[in-house]
Amino acid sequence: MPVLRYAYLGPAGTFTEEALRQVAGPEDAHYLPQTDVGSALAAVRSGDADRAVVAIESTAEGGVTATLDALATGTPLVLLREMLVPVQFTLVAAPGTALADVRRVSAHPHAWVQCRRWLAATLPGAVHVPATSNTAPAAMLADTLTAGGPDAAASLAFDAALVPPAAVRTYGLAPLAEHVADNPSAQTRFVVVGHPGEVPPPTGTDKTTLVVHLPDNEAGALLAMLEQFAARGVNLSRIESRPIGDALGRYSFSIDAEGHITDERMGEAIMGLRRRCPYVRFLGSYPRADAVAPTVHLGTADEDFVAARDWLRRVRTGEAT
Amino acid sequence: MPVLRYAYLGPAGTFTEEALRQVAGPEDAHYLPQTDVGSALAAVRSGDADRAVVAIESTAEGGVTATLDALATGTPLVLLREMLVPVQFTLVAAPGTALADVRRVSAHPHAWVQCRRWLAATLPGAVHVPATSNTAPAAMLADTLTAGGPDAAASLAFDAALVPPAAVRTYGLAPLAEHVADNPSAQTRFVVVGHPGEVPPPTGTDKTTLVVHLPDNEAGALLAMLEQFAARGVNLSRIESRPIGDALGRYSFSIDAEGHITDERMGEAIMGLRRRCPYVRFLGSYPRADAVAPTVHLGTADEDFVAARDWLRRVRTGEAT
Amino acid sequence: MPVLRYAYLGPAGTFTEEALRQVAGPEDAHYLPQTDVGSALAAVRSGDADRAVVAIESTAEGGVTATLDALATGTPLVLLREMLVPVQFTLVAAPGTALADVRRVSAHPHAWVQCRRWLAATLPGAVHVPATSNTAPAAMLADTLTAGGPDAAASLAFDAALVPPAAVRTYGLAPLAEHVADNPSAQTRFVVVGHPGEVPPPTGTDKTTLVVHLPDNEAGALLAMLEQFAARGVNLSRIESRPIGDALGRYSFSIDAEGHITDERMGEAIMGLRRRCPYVRFLGSYPRADAVAPTVHLGTADEDFVAARDWLRRVRTGEAT
Amino acid sequence: MPVLRYAYLGPAGTFTEEALRQVAGPEDAHYLPQTDVGSALAAVRSGDADRAVVAIESTAEGGVTATLDALATGTPLVLLREMLVPVQFTLVAAPGTALADVRRVSAHPHAWVQCRRWLAATLPGAVHVPATSNTAPAAMLADTLTAGGPDAAASLAFDAALVPPAAVRTYGLAPLAEHVADNPSAQTRFVVVGHPGEVPPPTGTDKTTLVVHLPDNEAGALLAMLEQFAARGVNLSRIESRPIGDALGRYSFSIDAEGHITDERMGEAIMGLRRRCPYVRFLGSYPRADAVAPTVHLGTADEDFVAARDWLRRVRTGEAT
């Protein structure tokens, strides 16, 4: 088996890297750090990478719009797997810094949002110094300390930084506070993205991700779309609207449906969407990270579809009624 | 082509015979008159007839329950064609009888109901002498006149009778009043019934008749059944409930859906019923007497289904998304 | 309390009389026997009676169309109560008649239908002599026996008759066979009909009967009507279509909904029908004979409606959000 | 009328200020610039401001999650008005800078995203220098030029900046390129937020904003919620899911419904939500910026509700049926 090349939001030490490690260790794969989600997906599209690992949803912020939007259009890509990573930060600073000294905190805006209450309680009045990534301030701090020693840190624009636990390890930093998170059960869902054609076989606990545009602006179009799923007994586990972007009031829906594209009920539901909606894109069927099996409602198991199809065939030829 | 044997509600002169004549003249077919709808259908089931012609619905009385119930269970039969016959009666009496003389009117209970207002206006106080069929009093009158002449009619239990126009011709009677009907647009729908396997090909203006039992007593089961049709864009032109008969509150539904069993949308809708409902019986796809084509909603034409199926196949093999 | 006058399908000895006795004994009410359902209802409309007792549904034949149709239009009447009567017949004949002697059986067509299998098994080849009511042959037999003794019965057009158990008592006849019924659990539902304004108070186990015409011929109109109930959590226990009568394909729906007109959810659902449908007639709220309480779904109890209304009022005045 | 205090995302020159100017000029109101959306809303909650003007949705990025989330919980606030502002940027630089000199572009991440294609075409290879707001680089540039003259600009971390047109005016800068936007019809929707109780009267072209949590995780809960609107003929113009934040897979829905809280149909639909859903928050009824009137479906006008309510009252008292 060839060693796969994974593009991901780098550098080393990010939450994304932690997600990637659940899939393939650095000794088994090529890690190709990228500056943003768009670049990671572009690397797969261009052939520079075989896979991308990107965040797709978080408890705190909801859908990762950059990911959802990049997958919704452009060269087709599909999701191959999902991974969950707890969202907890470590506050790091130069050696000798005490919590009481911290007035400026570097943090990616998402990190800042997820630690607001902790910050307000622990570092009241601390100013947010926005970082372009979760690990940037870790790298900056490590570089500064390496080059100039503890005193050099005084030249930095921040006194401390909220960084992923993995970054502490990667950059050899000392934690000032660990497990920093307003919501202790916060987590981010990551996905492995690859080219179509690599659909993994059903495991029994799969989900299927789709992008669907509604047929028109009419009231009831969303209702009609949901009924395509309901009529076949397919449950949805996530539905998010995203602007189509050409005008206010036009939406694209990003949907996770319980089950696999090879399930009869899923196939029929998706064909229903395909027939009625102006745009349907399949973004993959892959195992759920929580390994929960879909509820199978009365008459919607594969064998029910097969039996009904056989019956219809016999009705049409006059062998049954 | 062999000469077919048609069982129908006889004797000569009934509305049913008039319907049968729309299908095959007496010179082209064997006419097998029966005493009731059940016998006509039984004759097909037993092989004594090739086809039955029976009434299935009338403007005045609704579904003909004897027909609906006999078709819903037992050896499978299917509808092959439908015919419409206007429901107007002729009042006949012995020669010399004037309207003013008529106090007792023989009529089948259904005929009586459909002429009530005319009777109340024209023959106020007239008493109903129930007949076992529409033509029975015509035959009785003709026999009596033949045997004993006009005076013999005085021995009859009725002074006049409401009979089908065809019976006037058949029995050579003189009309006292014609086109008797409270509702001038009243009509009865008849069907030709035969064995499964003889489904006529689609004509573009077909309907499909079904019998369906709901999955349970739950509220919402009827709603769910209707959604099986709606999700595939199939319109219903008739839906009637009939008691299943084992207990009050349990119903069987007799349904006419617009379209042919070979239509993709019809096939998928019917498979949906088959999967969810404890009992589904196909009673035939056949041309509508009014030759109205079904409305085809967005995305529900056969080519839409074929294209969606092809797309799904390619999605499953990784060729499309 | 005044003694009420009850019109019912008479004469003495009918199933309807048996139903009436559940409501008021002959010593407590005036019994006004009528020749048919239409006359019984007309007697209330004309003021000749205070109430009518009529059959509305049977396990074997479904809705009693004469009753449903007579209630659906004309001077408004309402249902006040329902009663269940088991449908079992007694075969009666002149003294000395043995089962083996019986070749001609008088029976009302409905009775004949409900005993077909028993007749086929017990009296194979017996001919049906249709009666205009269940009790007519009992009266005829009793009169004949009284007038001429056992031998006089030979002049009758029938050898035996299927009559209601009550008729055996009323006319003092000897049973040849009892509990005759193909379906031992067959029963008929009767209702007490009166003038609007006499709505009985809720008992907790009520049903509400309605007549509704759909807004148009469109597909989905029935679905939309059912959703008016579903959106308020009101279950239906019966829905029957009846032809409107002006043309094939136009239907009126007769509906029993679980609950009382004074229930909040019922009121809102019915107002929804009233707003959307061209014709809605309230036919009464009355206790269910089976005393089953309606299922109350989440958020549809009266107090939920009251609380929501209070909240809306406060939202509109800016006191709540 | 007292002069109102408006908190908004400042400083001077922001798109938000441009939206605020549509509501009240600086001469008619107190402008209270804030550092972020949360602070602007907090200022109203604390009483430091009477109103807040915040972005709620943009064509490019969809719902403004900070706004949606801050409104969804906490001390109740309501929307009073909405305003649309076109999203186009001006590229500014120090005097003497040519487009060819620009390698580092300061821009708020949202601005960067909305000009990506223009940047790739016009300034290929330009590096993004993230700004904390749209106007920050304008202020920085103006301050630097004021303090040190054109040459001083060389010390800045960027060569040029994408800023709102209003900021060019505010800071007296020279444009290098105007009307910069990948999508020429891009716009942002802003709202005026105030305290409950200040609901503006209906104008005939209103919308109503709500936050709703679904009753449970069950499939069909979203469908059931949408049916609460559909059953009363209320159209939705926007529906967005937001994570509730306690666990993946639990969503809050932000909804814009066509019409005003004082509309009968809207009131009944919202009461339906209130009865069924664990959490419903009213976020205001206010005029639509596009002044489009809602579609009023058959039977859903105010007078239809009033007439139906009157009819129900009369049915309950026996005056009508």
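Points worth noting:
We just call them A, B, C and D in the order they show up, numbering each chain from 1.
FYI, contacts are C-beta pairs under 8 Å (C-beta built on N, C-alpha and C of every residue); 3 or more make two chains touch, one makes a residue touch a chain.
These figures come from a predicted structure and were not determined experimentally.
Interface chain B/chain C: over half of the residue numbers present appear on both copies, so the contact uses mostly the same residues. Put simply, chain A has to spin 180° for its C-alpha atoms to lie on chain D, with the angle rounded to a multiple of 5. Mean C-alpha position of chain B lies 25 Å from that of chain C.
Taking each chain's centre as the mean of its C-alpha atoms, chain A lies 60 Å from chain B.
Multi-chain contact residues of chain B (touching two or more other chains) are listed as 227, 230.
Contact residues on chain C toward chain D in their complex (touch as defined above): 76, 78, 196-199, 215, 227-228, 230-232, 261-262, 267-268, 270-272, 274-277, 281-283, 298-300, 304-305, 307-309, 311-312, 315-321.
Residue ranges on chain D touching chain A, taken from their complex, read 57-62, 65, 84, 130, 132, 183, 185-187, 189, 218-220, 222-223, 226-227, 229-230, 234-243, 245-249, 251, 258, 295.
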